[in-house]
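Chain IDs A, B, C and D follow the sequence of writing; residue 1 opens each chain.
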Amino acid sequence: MAAEVKPIANTLHTPSEEHEELREQLMFDPRPREELNRMVLDSMTHTTPRYWTAVGVLTVLVLTLLLGMWGYLIFTGIGISGERRPNYWGIFIVTFVFWIGISHAGTFVSAILRVFKAEFRRPFTRAAELMTTFGLAAGALWPLIHLGRVWVFYWMIPYPNARWLWPNFRSPLVWDLLAITTYLLSSTIYLFLPLLPDLAMARDRTTGWRHAIYRALALGWRGTEAEWARLRKAISIFAFAIIPVMFSVHTIVSWDFAMGMVGGWNSTIFGPYFIIGAILSGVSAVITILVVLRATLKNMTYFIRPEHIDALGKLVLVFSMAWAYFFFNDYLVQWYGGHDVVRALLSFHASGPDAWIWYCMLLFNIVIPWLTLWNKKLRRTPWVMLVVTLLINVGMYFERYTIIPLTLGHQRMPFDWGEYSPRFPEISLALGSLCLFMLLYLLASRLIPMVPVWEVREGQEAHLVRKVGKTVVPTVSELD
Amino acid sequence: MSDTISRRNFLKLTGLGAAGAALTGCGKAARYVTRRPYYDMPEYGALGESTYFATTCGECPAGCGLIMRTFEGRAIKAEGNPQHPVNMGKLCSRGLVGVQGLYNPDRIKGPGRRAQRGHDQVTALDWNAALDVVKQALGGGQKVAFFLGLSPDHIADLTAELAQAIGAPAPVRYGALGMFDGRAGLAEACRQVFGEARLPYFDLAGADLVISFGANFLETWLSPVAYTRGYSQFRRSAATGKRRGYFISLEARRSLTSGVADEWYPVAPGSEGLAALALGRLLAERGWALPLDASAVDVDAAAQAAGMTRAQLEHLADLASQAAHPLFIPGGNALAHAGGLAAARSILALNLAAGALGQPGGLYLSPAAADSSSLRDVQALVDRMRTGQVETLFIHGVNPVFELPPALGFTEALSNVKQVISFASFPDETALQSDYLLPDHTPLESWGYQRTLAGADRPVYSAQQPVVVPLYDTRSSADVLLSAGLLPYSDEVDFIQKKIAPLITQGGNVQATEIATFWARFLQSGGWWPVQAALAAPSAPAGLEAAAPQAAAAPEGQFHLVTYPTQMGDGRGANRPWLQETPNPSTTVVWNTWVEINPATADALGLKNDDIVKVKSSAGEVEAAVYRFPAIRPDTVAIPFGQGHTALGRWAEGRGANPALLLAPALNEAGDLAFGDTLVTLTPTGRRRPLAKLESTAGVYGEH
Amino acid sequence: MARRIIHLALFKEDQVDETAEALEALRGMGIVDRDISVISGTPFSEKMLGRPMTWTRVPIIAIAGAVVGFLVAAFLNFGTPLLYPIRVGGMALQTIPTSFVIFFELTMLGLLISTFIGVFVESISPSYGPAGYDPRISDGQIGVLFWAPPELDPKLHETLTGLGAEIIHGTETKKLWLF
Amino acid sequence: MAEQIKEQVNERWGMVIDMNLCTGCNACVTACAMENNIPWVGEDDAGYGRGIYWMRIQRYWEGEYPETTPSYQPVMCQQCGHAPCEPVCPVFATVHSEEEQINLQVYNRCIGTRYCANNCPYFARSFNWFDYSYQIPEPLNYYLNPNVTVRRRGVMEKCTFCVQRIHAGQEQAKAQGRAVRDGEVVPACAQACPADAIIFGDLSDPNSRVSQAARSQRSYTLLEALGTEPKVIYLKGEGTYGG
């Protein structure tokens, strides 16, 4: 170790005055592992009446808006929704695509940023991965809710019926089933694997039921070299393998549409267009959640800092631009070479009775991010980011709404055009699934360490400052 | 039984149905013993086998032949009788939905006495007590009156004999469809032009040019299935050199019939006769020998009154004079005016001048004697009722409280009738105003015949027989009337057999040596008719009076009203859910009433689709939602007939509006209602009620 | 074989260099790498501590799972249509373009699930190195577990405490998992 | 397997609709409903586009007043040879029938994804949004055709070319040891059509009435460019006098 490179910031003593501004960054504001552990455990066990009120209200809402309404839907029929000929797909599928889109964030943040060693990811990979899992859980409900006969949903599962008839493996819906199952399983595992050391940490510091749970989940983790090596190997397999799975999931979701003989859907660019949209909405949702976590969960102001929201904000800006590129690409090609049907459809989107949805989509996905996110100050202001990212997600919801019911209602036979308007049961179910997501997240925030302590600590170990000339610059060393 | 049927229950149910059929066949009414053989046919009891019965459709007077598919004692599906000369295996919506009348849950299920007219409360009656009431009532002699519908004919024949036997006035036969057909005017015009008061039959199949003056012959006019068949032949080009027929329609509103016309001229309502006369003059100039003197007609003025140009009339005249077999059809819309009879005469005269009487592609006189009454007869009945000259009124096959314009005063006059006996199968508006409900079987459960067939190219006795055992405690009205013992027939079947007995010796499609065999074959083949087409050729008349009907333009702020029947027929279709759900061909509206307004007029009035508008005439007012109809004269509005029931069961009641409320009781020379002369005003109400329709307004009209 | 006593030397989080030196010293005392095990709260690579590379079967299991997934996909895509042939949309019974989707998804599913199974099975399998644990490990401390003959005790003490370690003799693993 | 399938192909049912003859009267719509146990949905649902119509008459307008001309086009399932609805169904509820060369809907296998309906460019499919059939009050359900499944809620349905009639005809012919005669099998719509505008028969028999009509110079299929190979062939209307 060369003498001039001294891990100044890594000493557990207060850094000198000249490095004070570096302490704004989590990696240069190290605390002893013991303290980090305590902070995280504190955040898990600390509950307030406000928390329990929220849990109670959300439970009631999930029971009524989601489960109650779903039961009513099952016992009366899909007719209580606003679907009709020709809008056979409505809010059900819109919300499905929305949640699947949201679920891309975890993988994106956790896997892609991990592969590319983006250091700012460290404190919030877990929060993002949880979003993936719960987003998928909320999303996977929708194909079931949507079914006309949900009580026989298992006929889609690959196993033969009494006459040795298997499902149709040429149907994009079966692809959907396979892809979402794969993604749900692998993202859950991917959430679980890096959790092992943290679970062991929690196991060592809790008693009672919590201890029992963590002991069972930690799989006897001790932190031996073999365990670390295995974990590193598994995580790297996952990080590389789950990225194509993630791309495949939203590509296949887009194929539900692109494979169809529907004007405006039959587009080769739908795959990447949907992926970019999904990542845009997912990363935005990560920001939303981080802002909320920072404000509500104990000790999170230490772990989640403006620098993280700033970094994610830059990503959102990039993906907003990419989304605009794909949107324009799709639009121009359809408009230029499209049939009359498609042209009529595009003008219907922009000038029909529901055109406000189309304009809101452009406003929220392009105009607002481009106007705000270039500014570092705004990117570091949590409430601004909260508003912007929520709007982006509303915009992305509108995008799916435009693509699904508004496109279906305007097809090749003008005699059979139809205007779709969602009815209360659909809206209730959609809100119910949002409540379910929030409820799961609230409960999880008190059950599993929201911050991967060992990763944060690992990062802090790896970050150093180096004196170059008359100033010090941050550096990061490769530890693995 | 619950409303939902599991597969197992369904099987059980069918088993029960079969058992029920056998039981009813031998027990319920002794008379049915005589037709046990039909129900005991071996295949009838065999599960999984269909049995087919030939019968006659009772949904309108056209009398199409049906082959009813039955399955284990239930009527399943109406199919056309391929041999029947009227429909040749084809059917319209109304006939197809007949089973929804048979199995309608709102039927009157047994005889009853109404505590108070207009109230729902009915005390069940024993049939014996009911028969006593009828017997007593028939003793009333000339104070008895019969009001019958246009079908079935055997009831009309029987009632006519009965009326004669007891010294009562002849039965009145009338119905809204007859009104829309302009039957009285047609028959009267035929009498004046050809000397016989019969309905004309136009052989579309052989024609190469058809000019229709407001005839909706593809919808309800006289015999729509027969005319549609003829139209189909007319439109075909064949390798033999037959060219596709050319069809021109003159009508204020582009109806379904006018819709398929090659040329449509939206003439002003009431100007059809004038246009015909002007066309006659132009044709006379082209060498046609017109039986009336049209030289006085000012072609330009006539064209202007009709809303046409002289060039257009010249064009029509050119086409007609070049055509080999032109036909000129006087429809109900042309006849329903003050000058309707003159119009009918002028139009028939064109046919006569074309020289195709009694030839293929020409005009025949159907054997259908004009035995339906005119509205004048109805008015006379109403007058007698009002002045207390009617003690007992028997009503069968017609719903006058709904079908007749209320302005005629029928409902008010009813209150002066001591007892009203309704044979209605359904709780319609008239049944609601009756004292006794003696429900007849529905047509599919009944015996009978229909012989007044305006759509056949030969005389026909179309046979009606039960295809299922009567579902409820209903009884044939013929039997009820015969039970008084005033006529020498033991029962309905005996009466029908005696009526058709003369046919045994006349040859035709069924032949036998004695009545039992003939009867069996008559029923099996669906009726009797000659093998060859045979209709009377009309005779050429002497000089006719060429009265030019006057057509008045609608005054400022008022509109002509066109009322037209839809698949609801005379309104009895309104309780058939599938007739309600079958889209109206022109507007695709289902389940309701609309007002057709030209978009330009609607814009001037500030009316959008689905705005509720109040339509007011001198006789009354109705409210209905606007349908901006692009093919109607701007000075005309149209309202379909058949909805607006205040009774008739769950699917009909409280749905839409009845345009009969708007019709003033103005009769023309022939005794037809001049409903085409009705003028209305429109007042937006500011309310909206979206019409249920199949089409997308945005897609078809570009309006959101 | 008599039960050997397991020693645990605990170092503070930032004493990585000292840990490496301690390991060196232990080896110098004749304790072989097989008898030493390092446990830590944050991952340190073997190279940092001068330890032999560990070996894991996870990649092999993962690849095996991928192969199974691929074969299942082949059966689903090309086998099942033959069991009950139904034509749809004018397509062939066995379609190649759509098969890529099935192949990809099921291969990935096999790969990822078996990776997890690998981790799971290896985790709950008994390990051969010296067992032992201290909760302070998850506070970031570095533990060196080793078996040593009793005669080395004094020397060990001197060396390791000199490097700043805290020594626990006869450490035992508490019940860390279900059994 | 392939040989086995090939042996089964002997008929190719098809339909020709002559737009020259169609009057737009909707009798076919009603006939279809009565034959195939199609429930009605009532005013509210019908107005909201939930009406169940296996066939419907599309009515467009051409021209400006006073030349406004309606054009009627009966549209039902076109029984595509390359049906876009088929491959997207995850459970093989809509399949191509090798025996009749038509497109079948297996109601009991349908789970109600409604994907097929989206993918049908002709909008020929109708969905049972509620238990319409099971809400028919006694005794109105007596007329339900025992040869046609009564569909419950949550399944898709569509025109089958009255496959129950095709089978009845085939069985009768088989029992009598002969081939199905031309015109022996007619679906309810063609049977009712008062204008005889609908011709039905076996397109694989070059002498059948339907084959002869299909060879007309006036023939076209709906949305031909999509390559769905419909079995319903329309004959363009003859617009001009003597044309």
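One rule holds for everything that comes next: contacts are C-beta pairs under 8 Å (C-beta built on N, C-alpha and C of every residue); 3 or more make two chains touch, one makes a residue touch a chain.
The model shown is predicted, which means the values in this text are computed figures rather than measured ones.
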Sort out for me whether A-D or C-D is joined by the greater number of C-beta contact pairs. A-D
Average the C-alpha coordinates of each chain, average all protein C-alpha coordinates together, and give the chain whose average is closest to the overall one. D
Go ahead and note the Å separation of the Cα centroids belonging to subunit C and subunit D. 64
Cα centroid separation between subunit A and subunit D, in whole Å? 45
Averaged over CA atoms, how far is the centre of subunit B from the centre of subunit C? Could you give it in whole Å? 90
For subunit B and subunit D, what's the span in angstrom between their mean Cα positions? 30
If I count partner chains per residue in subunit C, which residues reach a count of at least 2? 86, 88-89, 91
Check each residue of subunit B and list the ones that touch at least two other chains. 694-695, 700
Using the touch rule from the top of the page, what residues of subunit A touch 2 or more other chains? 165, 168, 170, 413-416, 418
For a test of understanding, state which residues of subunit C touch subunit A in their complex under the given definition. 13-14, 37-46, 48-49, 51, 53-54, 56, 58-59, 62, 76-77, 80-81, 83-84, 86, 88-89, 91, 95, 98-99, 101-102, 104-106, 108-109, 111-113, 115-116, 118-120, 122-124, 127, 129, 131, 133, 135, 137-140, 143, 173, 175-178
Complex interface listing, subunit C residues touching subunit D: 82, 85-91, 93
Report the residues of subunit B in contact with subunit D in the complex, numbered from low to high. 1, 3-5, 14, 17, 48, 71-72, 74-80, 87, 89-93, 96-97, 99-100, 102-105, 218-219, 224-225, 228-229, 231-232, 235-237, 243-244, 246, 254, 256-257, 259-260, 262, 264-266, 319, 471, 567, 577-586, 588, 590-592, 598, 600, 630-631, 634, 655, 690-695, 700-701
Residues of subunit A touching subunit B in the complex: 352-353, 413-419
Contacting residues of subunit D [partner subunit B, same complex]: 20-21, 23-27, 29-31, 33-35, 40-44, 46-48, 51, 53, 56-61, 65-70, 72, 131, 134-146, 150, 188, 191-197, 238-243
